[in-house]
Amino acid sequence: MQHLNILAAQWVAPTIDYFGLAPELVLAGGLCIVLLVDLFIDERKKWLLSVISSFTLLAAMVPVLMLGLSETSVRSMFDGRYVVDNFSLVVKSLFLLAGYVVVLLSSSHIEQGEYWRGEYWFLLLTSLLGMLMMASSRDLVSIFVALEFLSIPAYMLAAWRKRDPKSNEAGVKYFMLGVFASAVMLYGMSLMYGVANSTLLTDIGAKVAATGEFSAVHALAVVFVIVGFAFKVSAVPFHTWAPDTYEGAPTPVTAFLSVASKAAGFVALVVLLYTAFPLAQDVWQPLIWVLSALTMTVGNVLALKQHNIVRMIAYSSISQGGFVLMPLAVAGLVGSGSTALRAVVLYMIVYAATNLGVFAIILAVSNKTRSGEISSYGGLFSYAPTLGVLMTIFLASLAGIPPLGGWIAKFVAFQSLIQSQSNWGYALALVGAVNSVIAFGYYGNVMREIWMRPVPDGDVTTISVPGSLRLALAITAGATLLFGVLPGVGLHFADLAEIAGAITR
Amino acid sequence: MNMLQENNWLLSVGTFLPMFGVVVLMLMPKAQDQAVKNVALITSIATLAVGIYTAFKFDFDQAEKLQFVADAQWISVIKSSYLIGVDGISLPLYLLSMIITLLVVIYSLDHVPNPGKPKAFFALLLVLQTGMAGTFIAQDLILFFVFFELVLLPMFFLIGVWGGEQRQYASIKFFLYTMFGSALMLVAFLALFFKTGAESFSIPYLIENGGSIAKNVQIWIFAGMFVGFAVKVPMFPFHTWLPDAHTQAPTQGSVILAAILLKLGTYGFVRIALPVLPDAAREWAPYIGGLAVIGIIYGALGCLAQTDMKRLIAFSSVAHMGFVMLGISTLTSFGVNAAMFGMVAHGLITGMLFFIAGSVKERYHTLEISKLGGMLTTMPRLGWIFGFCAMASLGLPGLAGFWGEFPAILSAYNPAEGLNQTVFRVFMVIAALGTVLAAGYLLWMFQRIAFGTAKDSSSHGHSSSDELHDVTTFEWIAWTPLLLGILVLGILPNLLFSVLDPAVQATLSVFGG
Amino acid sequence: MYVNQFLFLASVLFCIGVYGVIARKNAVLILMSIELILNSVNINLLTFALRNGSTDGHTFALYIIAVAAAEVGVGLGLVLLVYRNKKTISVDDLSEMRG
Amino acid sequence: MIAQNIGFWIIAVLMIVAALRVVTTNNVVHAALWLVVVLAGAAGQYILLAAEFVAITQVLVYIGAVMVLFLFGTMLTRARIGAESDLNNSYKKLGIPVGLIMLVAMGLALTRSFGAEKLPDSAKVVSTQEVSDQIFGPYLLPFWALSFVLLAAVIGAIVLARKD
Amino acid sequence: MNLFAKESEVLAPLATGWFLEHAWLIPVVPAIAFALIILIGKRLPMKGSELGVLSMVASLVLSAGAAYQWIQRVNSAAEEQFVTPVIKSWSWWQSGGLDFGIGQHIDGLSIVVLFVVAFISTLVQIYSLEYLRGDRRYTHFFAALTLFSGGMLAMVLADNMILFLLGWEIMGLCSFLLIGHWWEEDANSRAALKAFFTVRVGDIGLLVGISMLYFSANEWTQENLGVSGFSIRGISAWALSGEPNSTVIMIAAIALFIASIGKSGQFPLHTWLPDAMAGPTPVSSLLHSSTMVVAGVFLVARLYPVFFVGLDILGSGGNLIMIIGGITIVISAALAFVQNDIKRVLAYSTVSQLGYMMLGLGAGAWLPAVFHIFTHAFFKACLFLGAGSISHSASHHSFDMKRDMGGLRKVMPITFATWIISTLALCGVFPFSGFFSKDEIIDNVGNNGYNTFMIIGLLGAFMTAAYMTRATYLTFFGEPRGASAGHATHDAHDAHATHDAHAINDLHGPHESGLLITVPLMILSVLALGSGFLNATPFGESWERMKLWVEPRAIEVVVDAPSGGPGESLIVNLPSAEESHSKSVCGSATPETGVCYAPQLQHAKFKWSKAMISMAIVFLGIAISWIMSLLLFTKRDPRLVGLTQRVKVLGLGHNFLVKKYYLDHLYEKVIVHSVAHPISRAAYWFNQNILDGILHGFAKSTRTISDWVYKNVDQRVVDSTVNNSATFTKSVGTAAQPTQSGKVSQYGALLFSAAAIAALVLVIINT
């Protein structure tokens, strides 16, 4: 007990690297502004809020870029509990840009419904702020708080279309399951703290191993913590909330959940695996293997059954999550760690661009058809060729067809599996290969509607796409093509993303 | 392997020029059909011009070397580079793809299939061209894979949008099948990469180092590639997508599918699978040869059972590609030469047959053989062209088909060292039997369609006298080069062999001559 | 005192909470069950804090209490929202979307 | 030590019984009250674990605030004060095996790892200052973050719950 | 004594000349003409026919020139000096280290056949100018005819087997096109298909044979002669070198012989030939009697050393060639009896005569067989053209002897005269050409000890005489019937009647044909009469010109035989009846000691006694047949008319013959139908149901799996991991709830149970 006193006596205000925190601070400032401005402006001028939000996100990119270019590669605060390293910068920019696109997607959408706009932007930005925090958090408390930080606003956003029972249902399910998962995760975290006597991931990493006196409780802790994030990335069998929530939530929110929120889950998962459990790979590798295989397969086969486009995309994104998990299943093996990390980061980047594009199209099309049925896409190409082509590009990218972004993401994932030269790796690669074929079944089905089927209601008036959606489409389509044709660009960032203090073999 | 690097911009320009055309097309207003056609035509002419200039600059005395090699950074992180080049094996196929695309574009000028949409149609054709040309010039596995896959989507849409009754089913089937193959192929590529020390995806590098992989590993890697390529070829028993795809595809799609796309698979065998994994190739060769001759007979039997002209031609592709695969499976440079020749010849001939089938469909509104007949009386020119192609297809000496078929059979008599001679000789006899069946189904078809008298036209409501016009100008322009090609290559096979031979010999040097 | 007696107490509470969230369909009761689980976590944390002689567990537990409060707030907000629309707070009735 | 131990067991049994009642009672208000027992028991255990500040916070926040929230929620949703028959799922028995498996897994792990390990005897009560030093020291950032979380929760919950 | 012609050091410089050196032009001219006809033929005044005729004339001149210079070359050689062929070769294509040439190989054999082909082609083309006048596909006809000649000539002078194959296949194609010339009739196109297909079956043998020879011989030929294993000269020399493995060369020879069987209509692949008569008569005359069908015979003659060694010609007992030839002679002659169609009679006759050629080759009578190719071409062409003349001018395009002919000798004197001359030649009556060739074959067969086959030959001669007499009687004697009697055309079964514009010409009754038809007939009949004298053995050595010019000449070489070395001679006993002599196979594998080139063969001494016997047999045949015909067709003797109906055995025999030994049934009904229908249908079924089914099954099972997962994982598991199963619910005594989904608690159950199970498993594993 001695040292506690000493610690208490020596308390000094922690030094804070404000430059390192600048992105978060900018965003925090921005969301306060949104909240305040919302109070004082006229209902007709509420569109200003979306402008402020989008500029806030872009403004937050500035310090991110500056940090990326600065000499100091790793900035560590609070005894290493909050670390700004290249990995966090890369994923922060991913969050910010994805958030920007979500703002673009939302701005026209929320004008239409009876939304609480000011609060919508506020919650969206809050959730993003939580994600930024997640990217840098390196201890259990920070990670837990960050997780709730990004989740709680998201629970509410899912229910934001207040008069739509589906939206309510989406919110409740998301909330309930989210709380269940974080409860399980917390139990695991408590055990970790117990055996490591620290909440710092690096300390835990040094202790938590698959062997030794405490191996059983290590295993329990690792499994429980992973379950918490498996929920977040909607890995099967923790995926059950995702289809319902995606379907019921307002579409821009769905886009946000399926991209940013999911990415945040992966970020935390990766950080934990690489810094907190590097010695326990015997525990988590099989778990991730099973999760990955199940996720791909179940997501795919269920997606085949869907006739609602959003629900289908929900299952599709579950299945895509399986592909992201794929490299992690061998990440603990010698020589695979860094390629697996690269694969995960690249997959997240590419997936974000592509999936946001899909949602942009869904928003644009549903503006006209007022339907979520896949069959409402019939003949899209004949009356809205640009949207048709873009949707095709996005879906093909999700299916992993060169030269669109998705292929390089899948490729790198496969690469890291095979690089492990382990039988488990090969086996999972085969499962992935088969699944990437099955996936085309439902992506192709939508393409078929777009190109080969007649217009269901015969209404062939063209779709007028709002400017913000156009911008979103341009960004996402451009990125999808860019990553595919010049994969080096995406890979460069993915390769940059090294986690400080990560132990890889 | 030494490479020649002069003029290394040529291939990139030739490959990506069509994409430029696509961009221009995209920016054009939808309504201007004529302008769309002009752009497509000009693009494909320009592409071919670049291709011809490439051939002109090609050093035929060093056909075994990669030429116009460009090696640029592409995905340095995974050690894949933009490495392109052509040698004697690639060049003919590279040019063939350009020629076929141009001819298809010309043919399409007045034959845009239902439901129209020329802008999209031509754009897809041009994308397809980039993919095909790119596959033949890529010297890096990843680049190869990208181009190999690039052709999938355009073809999917060509079949699915502009195809026949069952087009949606056929297109999905085509796509899933090929994707399945290429997924496994990709896994095999990756395994190859790591087993050779994870140094490079460059094909020349892998050829140098692939042989050192342990044999049983090689066999597994080869298995992955085999599935990928065999689906594309298609070899028995992976062929069932082909008849549906061909039958349902629009004429242009069938032509490109038959003329170029099927070659991607066989090309893959020659370019990648054999030289990189010689030990596995030796182990696999008898099985490949066996499947090839099964394909020959099976395809022929399939043909005999058909009542639909296009489907028959499609099945004949299975048989013909069987000859090609037989040649490849001998692992001798003679056999592979024959296979390469067979690929080009099959491209010209079967492409032409599909053109004819398209024109028949357009005029008679049916492809049921039993409803056709007397073509030689109603449309003598079309009938004779059809006859010419049927003859070429059945391997008549003096026409291009023969030089693919006969040497392939010949080569099976004496396969490479280490292969079981008896087995291959049995293959040879079976393959020779296949030539008879080929004569059977092709001439039978010709007899039923071209000979006899015209069938009652009431079966297809239109007045036949107006519909049944003979070969049109656009058709002439599109077909003449193919017909000439069939004839010229038949009389002067050395035009092609002299280019192929050094490269094939160099490629197969791993098998010890 | 054994470490395990606290830990087992926590785990029993946890499992009762798990039973609760599965067995209950009243949304408020589910939220209560969750509180059981969160409390079990806190017992764990404090047990370990004592075992390890560190204060981090206390801090952690406090954060959990705070967040749990926020969650309950949000949860009840959602429950009220649902109640207003559906006149029920049975989560079993929230199964419009499925499959 | 023995006194503490006796205290522990009494409270523990109480807690478990109360917790079981929380998840089995047919009366929502009863459940809430049983929950109070559990939470109070937990606070007692915290004191046994030398965590006075947490125990006090537990009482203040949980029993003081959260329970009130629950009761408000119960009333706002017009739950009957008396017993209700449809609080449970028809498949509630599923919860038993799930809970048991969980318990087995946890019990196995805990037994194997901590076996007969004992807590240190001379447990010094952790002072509030120590906790605050931590919160405003290394754990400052989560504290800030928490303020945003609570803000968001308040604003969001109001928007969702209000009539409009 | 060495019995093999050897090419060794040149004793004297051999004469050569422009025509010999440029013999390759002979096929090139028609090939160019073909292209021109196709391209511009229709615009020419005579619709392209003039190009065809001119090119054939040019080829004829070139061949004649070459023949003349070849004779000079032979004359310039010393006694016993081997006359080396004029070989020219250019590289055509290279592949895989192999070089494929294109070139000419001119020796006596090719000179003979070149001349024959060019000559008959020229005449037939001239004949066709009239015969086909007004045909709607006049130009096409001449194009195909010209292409055929080009192909055949190319095959004949080919210096290697690839070029040979090329010519061979082109002929097959032209045969297809020409048989199917009047394709509007289904029967014609079927016949064309059948012909092509049957020949193609034989072609497997050619492909296999060439391949085997190439790979077996190539090394030796490259080393010793510097030519590829495709080279005819190389293969010949290799076959005689003692190198080849006896099994390999035997299989190769059999394979090649199968091709010959197909092409030359030998038993059992002969059925296509009579059907091929569906083509226009000039085609039958040129392709299906005098030239194309002898290609099979030519193949055997060309690669004689291969067959000689491979099939052990001159060995004791028979060999495959002889047996097939013998069977063919008798069977097809018998079939000729029951035909009513004059062209079919001639077709079976052709098959039978080809059988003689095969028999000769098989029995070591190389020269007589080649000579028979020569003479047969003239008289058979003449017969066919005569038949054409009848149908053209007298019988309204009918070829039915019984219905539409009879008594034509008065109306068509020239046709009749030429017919009679050719018939006599065919029957082998002295001094017509057939006598000198056919009798020589029979004679040599006997001479080489194959007495059975000699008897078959004589039997064949008897039958030939008999069926030809029957045909002649039916056509030219008796009373005119049907169309010949001037009756209106009644569904004439030669198809072209319905298409030809010149049906108008036939409005008037039977008459003699025009000059364009009769002049070729007369020329041919003159040759049918006189060509035999080119090798008139009865008149002594000096008359045996053909032997001098055509047969490879032997030289005496002392074979030095280092003991056990490769130069050692092999002594084999010849089964000759006359004098026993040894046959040595050249064992030398080096050019220094000479390379063997052709087997030396014995020639039978002509004996009038034997000739008289065969003559007697022929006349007996003529006489019996004449009397029978007279009784049957003119007198309508009740004892004979309807005999086949009355006597069952005879009826069966007749029926058997009419049905062509049921071979066609075997082919069409059994083999073709079983291939084209059940087997291919089965294969197609296999394809659609099994292979496609697997695919569909996969798709279906994927769907099923997804259904299953959908129902069981997403709904039932969610419903409760184990609880949704009815048993579990029962066991806890509560009523089973209807399956529901989308319920938070169930989701929660899944979440917690998955976490619990994963934890349990991993905890257990990791401790």
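The letters A, B, C, D and E name the chains in turn, as written, and every chain counts its residues from 1.
By our rule, contacts are C-beta pairs under 8 Å (C-beta built on N, C-alpha and C of every residue); 3 or more make two chains touch, one makes a residue touch a chain.
Treat the numbers as computed from the prediction; the structure is a model and nothing was measured.
Touching chain B and chain C together: A, E. Of all chains in the assembly, those touching chain B and also chain E are A.
The most central chain, judged by C-alpha centres against the centre of all protein C-alpha atoms, is B. Here C-D and A-E were compared by C-beta pairs in contact; the pair with more is C-D.
The greatest centre-to-centre distance from chain D, using averaged C-alpha positions, is reached by E. If you average the CA atoms of chain A and of chain B, the two centres end up 42 Å from each other.
Centre-to-centre, using mean CA coordinates, chain C is 94 Å away from chain E.
Centroid to centroid, with C-alpha atoms defining each point, chain D and chain E lie 100 Å apart.
Separating the CA-averaged centres of chain B and chain D is a span of 70 Å.
Residue positions 89, 93-95, 98-99, 102, 105-106, 108-110, 112, 114, 126, 130, 133, 139, 142, 146, 149, 153, 156-157, 160 of chain D each touch two or more of the other chains.
In chain C, the residues that reach two or more other chains under the touch definition are 14, 17-18, 21-25, 30, 47, 51, 53, 55-57, 59, 63, 67, 70-71, 74, 77-79, 81, 91-92, 94-99.
Shared interface positions of chain E, defined as residues touching 2 or more other chains, are 710, 714, 742-746, 748-749, 752, 755, 759, 763, 767. You'll find the chains touch as A-B, A-C, A-D, A-E, B-E, C-D, C-E, D-E.
Residues 30, 73-78, 115, 117, 119-120, 142, 145-150, 152-153, 156-157, 160-161, 167-168, 171-172, 175-176, 179-180, 183-184, 186-187, 190-191, 193-194, 198 of chain B are the ones that touch chain A when the two sit in their complex. Only residues 173, 176-177, 237, 239-241, 298, 301-302, 304-306, 332-338, 341, 374, 376-377, 387, 391, 396-398, 402-403, 406-407, 409-414, 428-429, 432-433, 435-436, 439-440, 443-444, 447, 450-453, 492-494, 497-498, 500-501, 504-505, 513 of chain B touch chain E when the two sit together in their complex.
Those residues of chain A that touch chain C in the complex are listed here as 1, 4, 140-141, 144-145, 148, 152, 155-156, 159, 162-163, 165-166, 168-173, 175-176, 179-180, 183, 186-187, 189-191, 193-194, 197-199, 243-244, 247-248, 305-306, 311. Within the complex formed with chain C, the residues of chain D that make contact are 1, 4-5, 8, 12, 15-16, 19-20, 22-23, 28, 31-32, 35, 38-39, 42, 45-46, 48-51, 53-54, 57-58, 61-62, 65-66, 69-70, 72-74, 76-79, 84, 86-89, 92-96, 98-100, 102-103, 106-107, 110-111, 114-120, 123, 126, 130-131, 133-135, 139, 142, 146, 149-150, 153-154, 156-158, 160-161, 163. In the complex of the two chains, the chain E residues touching chain C come out as 710, 714-715, 740-745, 748-749, 752.
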